[in-house]
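Next come two complexes built around chain A: one with chain B, the other with chain C.
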Partner chain A sequence: MASVALTNLDPASRAAARGWSDLTIRNMFIIPTLVFLIVFNIFPLIYSLGYSFTNFAANRSEPWQFVGLQNYRELLTDDHIWSNFVITAKYVIVSVAGQMIVGFGLALLLNRSFPMKGLITTLLLLPMMMSAAVVGLFWQLLYSPSWGPINYVFGLGDFAWLSNPDSALYAVAITDIWMWSPFVMLLSLAGLSAVPQHLYEAAAIDRASWWYTFTRITLPLVSPILLIALIFRTMEAFKTFDIAYTMTTQPTAELIAIRLYKQAFQQWDTGKSCALAYIVLIMVLAITNLYVKYLNKVKER
Partner chain B sequence: MRKIVTSVIAGIGLALACGTSVRAQDKELTIFWAEWDPANYLQELVNDYTAETGVKVTVQTTPWPDFQTKAFTEFNAHGDAYDMVVGDSQWLGAGSTQGHYVDLTDFFNQHKLTDVMAPATIKYYAEYPGGSGKYWAIPLEGDAIGWSYRKDWFEDPKEKEAFKAKYGYDLDVPKTYTQLRDIAEFFHRPDQKRYGVAIYTDNSYDAMAMGVESAIFSYGGDLGDYATYKVDGITNSKQAAAGLDMYKELYKFTPPGWGKTFFVEDNQAITGGLAAMSMNFFAFFPPLVNKATNPYADVTGFFANPAGPDGKRFAALGGQGISVVSYSKNKDEAMKFLEWFIKDETQKKWAELGGYTCSQAVLKSEAFQNATPYNKAFYDTMFMVKDFWATPEYAEVLDQLNQNIYPFVVGGKGTAQEALDKTAADWKATFTKYNRYK
Partner chain C sequence: MAAVRTSSEVALNRIAIVAVLVATLIFLAPIYWIASTAFKPKELAVSVPPTVLFEPEVTPFIRLFTKRVQMQKTVDPQVYEAAPWWEKRIYDGGERVLKVGKDVQLSQYPDRFMNSLIVAIVSTVLAVGMGTFTAYGFSRFKIAGEADLLFFILSTRMLPPVVVAIPMFLMYRMVGLNDSHIGLIILYIAFNLSFSVWLMKGFMDEIPKEYEEAALVDGYTRMQAFFRIVLPEAATGIAATAVFCFITAWNEYAFALIMTNRRAQTAPPFIPSQIGSGLPDWTTIAAGTFLFLLPVAIFTFLLRNHLLRGVTFGAIRK
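Up next is the complex of A and B:
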C-alpha cells in the first residue's frame, strides 16, 4: 500500500543508475531507525519487564530467581513509595498548572504587534534552552538564604526555601515553571496566531465583552494545542529528575524518579527498580490516555 | 555496496587492533577517584613514578555524589576502564564478595603491611570481612571527621567573660559534646549574621550519616554488631538516641538553609565568616589554612571530635584504600605500582604533598605532626575512629538510615528514639532479605 503512495524514481537519477528501486531507498531510510528503535528501546523495555518479576541485582554475581509478583506487591504496599507518588502528584499539579497559566498569559501578551516583539519572544524562550542541571544549580544559589537575591528582593530574611520541608517541593516547582512556561507560551502563540482575525472583528462589531471574546472565541480555538502542551508537560513533570535532584535532598521533595534512581543505581535493586519503572510507565500511560481521549473530543467540536 | 561495507568493517577492525596494541606498548595505568584536592596531590605524586619507570599513570576523577554510582556501574559491567580504584571503606564488602577487587592478602603478608600502616586504617580500609585476615586494598588516604573553629572569636576577652558568666566555665576548645553545644548556642547570633556551628546534613550519600554516627559513637552508641548483624537494642539503644538528639540539637545553631550541606558548605561557613565551629573531614582542611582561599586563615584553629557524656570519644572514619580492579588488563603493572606506593619515601612525599598518609612511621614523625595546624588533631583522631557498615548491601542500609534520621534532624518530625527504632527495623528486614542471620 505504501509503495503506491511513493512517486516513481526519476530514470535519470543516480539511484536509478545504480539499479535501486524506490522501495530500496525507502528501506534504507527506515530500516536503520527501526533497528535502532528495536535494539535500544523495545528490546530493553521487554527485557526489563522480565527482570521486574525476578530478584535480579546488577551488582551481584549470584544467580537470580523468579519471584512472580513479589516486587510489585512490595512496592505497592510500601508507605515510602506511596508518599513518593503523593509528592510527585502534588508537584505535577502545581508545576503544570503554573506553566499553563504563566505560559498562556505570556502568549496572550505577546499576541499583538509592538516594537522588538521578536527579540523579546526570543529572550523569553531562553530558560527552556538551558540544561536542567545548570538551572537547578543556579536556582539553588538564587534561593540561598545567606546570599540569594530572592529573599533579598522579597524581604523574606532567612527563609530557607530548600531546607524547609514544607517549601522545598514548591521551590522546585517554581523553578520548573520558570524553565518550561516558555514551552507552553510557544505552543499557545502558534495556536493564537491561527485564530482567524475576522472572528474578532465580528465580535467587536457585536460589542462583545473581552471576557466573552476570550471564552467563546480564543479559548475554544486554542484549546486543542493547549491540551497538547498539557500532555507534554504532564508527562515530563511526572518524570522530573534533574532539577529536583540538583536542588534539594529533602525527603518531602523526593519525586518518584529520584526514588527510582536511588533504588536502581545506588542500591542496585535491579528487579524491584524495573517493577517500579513499570508502575510509573503505566501511570503515565493512563494519564496521557485520558488527555488524548479528551483531546479527540475537543477536536470533534 | 558490499565492498564498501567490508572495507568499513575492516577499517574499524584495524583501528581497534592498533588501539589495543598501542596501549600495551605504552603501559598506562588509570586510577579512579573522586574529584577533590587529594586526587590532585595523588596525580602529582604518581608523576614521579612515570619519571622513574616510564609508565604513565592518570588519576581520573568524578564529583563525589556520582563517585559510587560511576565506579559500580563500571564494576558491574566488568569494564576495564580503571586499573585501580581508590574506593570508600564501605565498598569493601561489595568489592570483595562480588569479585570486583583483586585479593591483596599475599601482597599484604609479603610486605608486612600490618606493621607499616596504622591499625585503624588496616581494619577499615583493607580487611574484609572484619578479623578475617583477608585484605583487598592498601590504605591510601587516611581521613576522619574533625572540626575547625574561629580562634579569634574564642580568644576574645569580652566573649570569654560573657561565656563564663553564662555557663560557669571557661570558653575553650570543647572537650565534650555538651560544651560544643553550649559554645554553638553562645555564638549563635542570627541578628549579627553569625551562627554557632556548621554540620553535615546532605542525605544524598553518606555525609549526614558520618556526622550523626560521630555523635552516636561518642555517646557510647553503635550502629549494630558488624559481625553478627544484630541491630535490635544496639542501633536503637538509649545512648545512640542521646547521640542523635545531640546532633539534632546542634542543627538548631546552624546558619539558615543548612539542609543539604557537605564539605563545600561546611568550609564556606568558615571562609565566609558565618560559623564559630565547623565539622569536616580532615582532607578538606588544607584550603582553610591558605590565605588565598580563607580570609580568616590566620585565626582558624582545629580540634578533634569531642567526647560524649561518659568520656568515650570517637570520630567517623572517612578515607580510602587503593584496590586493583579484577577486570583490569594491567593487573601486573598495577601491582608493581603498589610496591612503589608503599615505600617509606613515597609515603613521606605523599604526606608532604598534602595527602594523609596511613604509614605509621610518617604519622608518628615530628615533622608530620608539626607540618600543618591540623596534623596533630588528625594524628589523635586516627586512633579513635569507627566506621559505618561495610556489608555488600551498605547502600541500601545507608539509604534507610537517611530516610529515617533526616526528617528528624532537619524536619523536626518525631523523636530520636522513633527514628532509630524505625532504622533498626528496616535494617533487620534488609539483613534478613540478604540471609545474614544464618
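Up next is the complex of A and C:
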C-alpha cells in the first residue's frame, strides 16, 4: 500500500487522464443492459399488473372495467385452478425426485476411471440440450399404444400412456426425467470429483463400510451442489409448459402454465390471466431467491 | 486410488461400468428412434413389432422439403421414367410433387428452419455482445448494490415465458410486432441477456486484472485495454456463451408459439403443428426433427467442457 502512495502508480487514475473515465465506461457498459431488461421485462409486468385488476379481454373491443381484487378473489376460490396447482405439485415431486435419484445414481456410477468416459458422459448429456417441445412430440410415438417401442419392450400391450387420465401426467414426468437427469448427473459429478481423495483412503484404512463412507463422507460433501440441482429443477418443473403441452391434452396433466396459456390465449380472459400470471410469478420469484442464495454459497467455497 | 484394491472392489468396478453402458443405451434409445425413423420406409415407422434394423432411405427428407398430393390413379409410365430419382420416390409412395410450371413447390419446412436460424443468430450476437460489456463492468468496477443488480438480472431469466408473453403480446399487437422476426429477436435477447451477463462475468473474473493494469501503465486507455487485451483473453468464454444462447433461442417454444403463426414462425412450434389429424406421417416428422436436432447435438460436443458452467450460470466451474 505504501509504495502506491509513494510512486502514485494507481493505474485507474492514470488511465482516467486519457480517454474516457472509468465511471463513464462503467455506465456505458452496464446501463444499456439494465434499461433493456427494464423495458422488455419489468415494464410489461407492470403493464400486466394493471390489467390484473380489470375485466379486459384482448379479443373484444368493448371497454374494460376496473374490478379491483375480484380476479384474485375468484382465482383463489376456483377449484379448477387449485386442481391445476395440485397437478403441478404432483408433477414437480415425481419428476424432480426421479431426476435426483437417476441423476445422482448415474454420477456415482460414472465417478471412476474407465475407457471413453468423456464420450459417454457427453452422450448422456445430449437429452437436456434438446428442444423439449420437439422431443416431447416424438415421445408420442415412443408411447404409442399401437406401435410404440416402449409398450413392445415392456410387454404392456395397448396401454395408452398419454390418453389414459391416470397415467398421462406420469408419462410426461418420465420423459422429463429422461431429459433432465443428465443435468443432476452433471452437477453431481462436479460435486463428487471435488471430494478429497484422501478422505476415502482414510476411510479404507479404517475399514469403514461402503454405506458409512457414503453417508458420512460423500453425501455431506456433495449435498450443497445437490441442493442447487434440486432447487433449480424444482423451479423449472414448476414452470413446465413445452413438454406437457406437446405430449398430451389430458385435463389430468394440465399444469399451471398450460392453464395460464389457455386462459390467456384460447379463452382470451386477459384480465384474469394477468392475475393468475402474478400468482405464479410470485411463487417463481420466491424459489429464484432461494436458488441465488445457495448458488452464491457454493460459489464462495 | 493408490490404496490396495481387493478383488471385490475390482468386481464392483466392472459391474458399475456395465451399468453405465446399459444406462447410456437406454438414454440414447429415444434419440436413436428419432434418427432411425427419419430414414425408414413409411410402413416400417409404425410396424409391429417395432423395426430396429432396416435398409435406410432418404425419402422422408424428400417428403419433408416438397409439397405433395395423393394421386387418384397410378402414374403414367412415361412420366415416371422421365422423372428425376427423387421424384420417383414420391411417385412410389402414391403421391406426386406439386409444381408451378416446372418449379417444384417447397414445403414450409425450409422457411421455418430459416426463421429459426435468423432469430437464433441475430438474438445471440446481440445478447452476447451486450452481455460481454456488462459482465466486464460488473467484474472490474465498483457498483453500488452490485449483488442486488445481479440478482435482478438473473431473476429476469427465471420469469415463466407465458407470464411475460401475455403483456408482450398485447404491446406487440399495438405496435405491429406480432409475427415478426424483430419481435421474437427482442424477446430472445431479453431472455438470453441475463444468462450471458452471468456466464461472461465468470469468464471475466478469471482474467487477471494485472493484464489490463500493465496495459494501462504502458499508455493504453481503458477502452483500448478492453478491446486489445481483455476481449482476446475472453474469446473462449464468448464462444461458449454464444453457443449456449444459440441453443436456448433455437429450442425456445412458448414465446414462438404465442408470438408467431406464419411469417416469422420458427421450427419448434411448426414441427408439432404438422401432426394434424388422422394418422401422422412419422417418418417426415422424424426427418424434420432430425435436421432440427443435429446442430444442437454437434454443439453439445463442442461445448462439452463448458456445460457445467453453462447450466449453473457460471457459478460452478469445475
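Note that the second predicted complex is superposed on the first by the 265 of 301 C-alpha atoms of A that agree within 3 Å, B and C clash if a C-alpha of one lies under 4 Å from a C-alpha of the other, contacts with A are read in each partner's own complex, and residues count from 1 in each chain.
What we mean here is this: contacts are C-beta pairs under 8 Å (C-beta built on N, C-alpha and C of every residue); 3 or more make two chains touch, one makes a residue touch a chain.
Bear in mind that the values here come from a model prediction, so they are computed numbers and not experimental data.
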Touched partner set for A:109, first chain B, second chain C, both or neither: second
Partner chain(s) touched by A:265 [first = chain B, second = chain C, both, neither]: both
Partner chain in contact with A:40 - chain B first, chain C second, else both or neither: second
Which partner reaches more residues of chain A (counting touched residues only), chain B or chain C: C
Partner chain in contact with A:58 - chain B first, chain C second, else both or neither: both
Which of chain B and chain C A:182 touches, first, second, both or neither: second
Chain B versus chain C as contact partner of A:146, first or second or both or neither: both
First, second, both or neither for A:77, with chain B first and chain C second: neither
On chain A, the residue positions that both chain B and chain C contact, one per complex: 58, 144, 146, 265
Chain A residues touching chain C - in the complex, by the definition given at the top: 9, 11-12, 14-15, 18-20, 22, 25-26, 28-30, 32-34, 36-37, 40-42, 44-45, 47-48, 51, 58, 106, 109-110, 112, 114, 118, 120-135, 137-142, 144, 146-149, 152, 178, 182-183, 186-187, 190, 197, 200-201, 204-205, 225, 228, 235, 239, 241-242, 246, 257, 260-261, 264-265, 270, 273-274, 277-278, 280-281, 284-285, 287-289, 291-292, 295-296, 298-299
Contact footprint of chain B on chain A as seen in their complex: 58-61, 80, 143-146, 158-165, 168, 248-252, 262, 265-269
Residue numbers on chain C that touch chain A, as the complex places them: 1-3, 13, 16-17, 19-21, 23-24, 27-31, 33-34, 37, 45-50, 130-131, 133-134, 136-138, 141, 143, 147, 149, 151-156, 158-171, 173, 186-187, 189-190, 193-194, 197, 212-213, 216-217, 219-226, 247, 250-251, 253-254, 258, 267-269, 271-272, 275, 282, 285-286, 289, 292-293, 296-297, 299-301, 304, 307-308, 311-313, 315-316, 318
For the chain B and chain A complex, residues of the former touching the latter: 68-69, 72-73, 75-76, 94, 98-99, 190, 193, 201-204, 255-260, 272, 274, 392-393, 395-396, 399, 403, 406-407, 410-411, 413
